[in-house]
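After this come two complexes, each holding subunit A, first together with subunit B and then together with subunit C.
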Partner chain A sequence: MDFAIETQGLSKVFNGRHVLKGIDLQVPPGSIFGFIGPNGAGKTTTIRLLLGLLQPSSGQAKVLGLNSQSESIQLRSKVGYVAEENHFYPWMKVEELVRFNAGFYPRWDQERARKLLEMFDLQPGVKVRELSKGMRAQLGLTLALAHRPQMLILDEPTSGLDPVWRRKFLQILTQETADDETTVFFSSHILSDVERVADWLGILINGKLRAMRSMEDFKYNERVVRVVFQHPAPESLLATDGIKSIQRQGSGYLLTITENFDEIYRTLERTPHFVLEAVEQDLEGVFLDYAGEEENDV
Partner chain B sequence: MYYRTNTAYTREVVDLRLFINPRAALPIYQQLVDQIKSAAASGLFPPGSKLPSVRELAGQLAINANTVARAYSILEDQGVILRKQGVGTFVAERSVHKDISPLKQALNQLLVEAYHLQVTPEELEKLFQEALKRWNKRKEE
Partner chain C sequence: MFSYSLFRKELREHRWLLLIGTLVLTALGIFSAWSFDMLAMYGDMLQGFMPQLAEQFEQLLADYNFYIWSQLHPKNLLQFGIVLALILASTDLAGEVNRGSIQYLTGLPISRRTILITKSAAGMLSLSIIVWVSTLVTLVTAELLESGILWGKMLAATALLNIGLMAVYSFTLIFSALGNDAVKTGALAAAVLLIWSAAGLHPTTQFLSPFWHMKGINWFMGTGPFPWLSLVGLIIFALASLYIADGIFSKREF
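On to the complex of A and B.
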């Protein structure tokens, strides 16, 4: 498969600090890929490297088959980008900013821009400086979508927005990228948004890509199992691939499973036990787990 | 158009009365499948009613369009809905279930629960008859 985004050993060092430590991203075309991680994990750096706004210290990135370094200009004409802070010219009116942006893109679709402004209730005559944070985010999405990009890259698009604005933003985003061709790559630390719209997930912690899989796989396999064995626990069982961590209290165990859930659970079922239950984890639980693990490594 | 007013965006409930909980362990596509099946069976969505397009439903619920498309194709395979090229998606006249294994599975689950609650087979049969009666009565209304 040709991935919509593919990186190999992508790294960035700023003043001797390793911000990104060799990540291999693979984003399937047509997916909505949620890129999550704590503040300072390197999400924005990754995005800037993908767009060719920064040069990698080592490794390489391809977006829509184009090299992020050598083909950055062509790449950016095919990608809609919404930065975390939208630094629009504050003195411009919304309609002026739309016209200004139209000039940069051969595929600009004025009718789509008009419709999006209407959907978002953005008044063309209002000056950018008068817009709220939520409105500016919507204007950013409008400008990004109006040139009919094959890919949208959004950096923390909903952070700082209240639930009403967030929902509205996500509704337009999901509706306007519903065709099979558009890929969306968005970074976020608002996990409920990611759970709602993403079908693929990457977890970036401390400059390392700790997990990358489909949301379904993630929800199915990332679980905690509580088990109390009748006899001493078989060592081989506890060493099975896919068990990430084991906490023990007497004959009770808490197994954090990350892969291979079905097989592990079936084996546990066959082993004499008093208690066996799988605890469902939401994304937040899984995320905290990964983040905590990383802290222990340091 | 539904995106005229600001408030319409924020509601979880659409005119279809579908709810989704993204945080639940049950995948979102399965939540949609279950709810549309239940709504079609109870008469809330009568046969022939038109369902929103993939794009519309994705937008209304603010969920991934691939998820909606997946739910629709499962429902189509199960004979719950019909997709007419270029016209839209509709609740089927009558679901033709060729594969009744989901039903058998649900019955097994029921027997397991009954065992743990120490419900006798006779009591279980009585409960089943009562449920059936309530169900039929509701459908007539």
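On to the complex of A and C.
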């Protein structure tokens, strides 16, 4: 399978600090890939490495089959990028910025730009400095979509926006990318946004990619099981692959399972027990599990 | 290697500097041309009580072309031009870092070299417009007030100075490619140039100063040939500075 994004051992060191520690990303084409992690996890660094705006300390990245270093300009002409802080030229009017951007993309679609401005209710004659943060984010998305990119890379696009702006932003994002199967890679620490739109998920914590799988897989396999055994818990069972963590609560156990859920659950069913129940986790629960595990590792 | 969209944006950003620079230098040039007769009158008046100053006036006013050149080039254009070159170059790259727009600009599908070349072209064009418009207006005024302007010599001197200012602009770009703040970058480049200009104060070291080469004073006063070596040297200096600035800017991470 040709992935839309593929990295191998991608690392970045800034002033002796390992910001990114050899990540191997694989983003399926046509997916909406949510890249989550706490602040300072290395999400922005990953994105800037993918776009060829930073040089990796080691490893490599391919985006749409193009090398992010040697073919970065070609790559950026095919990718729509929305940065976390949209530092456009404040003295330009919205229409001037659109015209300015159009000069860099051969596939620029002025009609689509006009339509998106209308959808976001952005007035062409307004100066960029007069736009709110939410409006600037929407202008960023307009500019990123107007050249009909094969992929969108968004860095914390909804950060700092109120719930109304966020909902509208995500709604237009999914609507506009659904038609032509554009791959969307977006980083966020707002888990509800990711849960709402993403179909794939990567969890980056402290520069390490802790998990990467489809959202469906996450929801199904990433579960917590509460079990109270009739006899002392069999050691071999608790050491089964796929059980990420074990918390003891009196005579019971809370098992956090990340893989092989069906198999583990069947084994638990066969083991004499008083209580056995599986709790489906939301994304926040999954994320906190990984974040907590990382803290314990440290 | 060149972006018209970026070029238009750069010229638009320079428009106030272009307008004010052209107006100020043109006004100063017209005043210089107009002041020739007035200074001649004061020179006569000074004869009685300040004979030394009167003698200097006489020397200055002995040749109309030399007077116009001395007022226009070493004074107005050189000094203001250097300040304008410093402002343009320091804001070109460090200014983008300063206001955060460098991340947006470098995220567009153009190479760093294209950004540098396009910005340099716009900066140098702006400088040239200021230099040439103000010079031509001054020369036309001077010709109208007192005919006998040596057009060829004046225009050649202007070309030499213009290339010198481009070299100063290119040199400042090196600092701009390194800096994060336009004001500090400009101040640092100005400090380095000021120290460098000290070489021009002594006859044995003046060939080390780029400003001395920009003036071509010996040639203009008729004591030497046209300074081809200075011209070529300034072009090489400008190109080398651009090359260094490109190397720094291309490798820099934002």
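Convention: the second predicted complex is superposed on the first by the 294 of 298 C-alpha atoms of A that agree within 3 Å, B and C clash if a C-alpha of one lies under 4 Å from a C-alpha of the other, contacts with A are read in each partner's own complex, and residues count from 1 in each chain.
Quick note on the criterion: a residue touches a chain if its C-beta (ideal position, glycine included) is under 8 Å from a C-beta of that chain, and two chains touch if they have at least 3 such contacts.
Every value quoted in this text rests on a predicted model; they were computed, and no experiment measured them.
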- Item | Fit-or-clash call for subunit B and subunit C when the two complexes are aligned on subunit A | fit
- Message: Looking at A:L122, would you say it contacts subunit B, subunit C, both, or neither? Reply first, second, both or neither.
- Response: neither
- Message: Which partner chains sit in contact with A:T177 here, subunit B, subunit C, both or neither? Use first/second/both/neither.
- Response: first
- Once the structures are superposed on A, label A:A146 by its partner contacts, choosing first (subunit B), second (subunit C), both or neither. neither
- Using the superposition on chain A described above, determine whether A:L161 touches subunit B (first), subunit C (second), both, or neither. neither
- Identify the partner contact of A:A41: answer first if only subunit B is touched, second if only subunit C is, both if each is, neither if none is. neither
- So, A:E280: does it touch subunit B (first), subunit C (second), both, or neither? first
- Message: Quick check for you: in the superposed arrangement, does A:E216 touch first (subunit B), second (subunit C), both or neither?
- Response: first
- Note on the structure: When the two complexes are superposed, subunit B comes to within a least CA distance of subunit C, in Å, of 26
- Where subunit A meets both subunit C and subunit B, residue numbers: none
- Which of the residues in subunit A come into contact with subunit C in the complex? 51, 53-55, 73-77, 81, 83, 85-92, 99-105
- Quick one: in the complex, what on subunit C touches subunit A? 3-6, 8-9, 13, 99-104, 106-111, 253-254
- In the complex with subunit A, residue positions of subunit B that touch it: 3, 6, 9-10, 22-25, 27-28, 54-56, 58-67
- For subunit A, which residues count as touching subunit B in their complex? 30-32, 119, 121, 163-164, 167-168, 170-179, 192, 195-199, 216, 219, 280-283
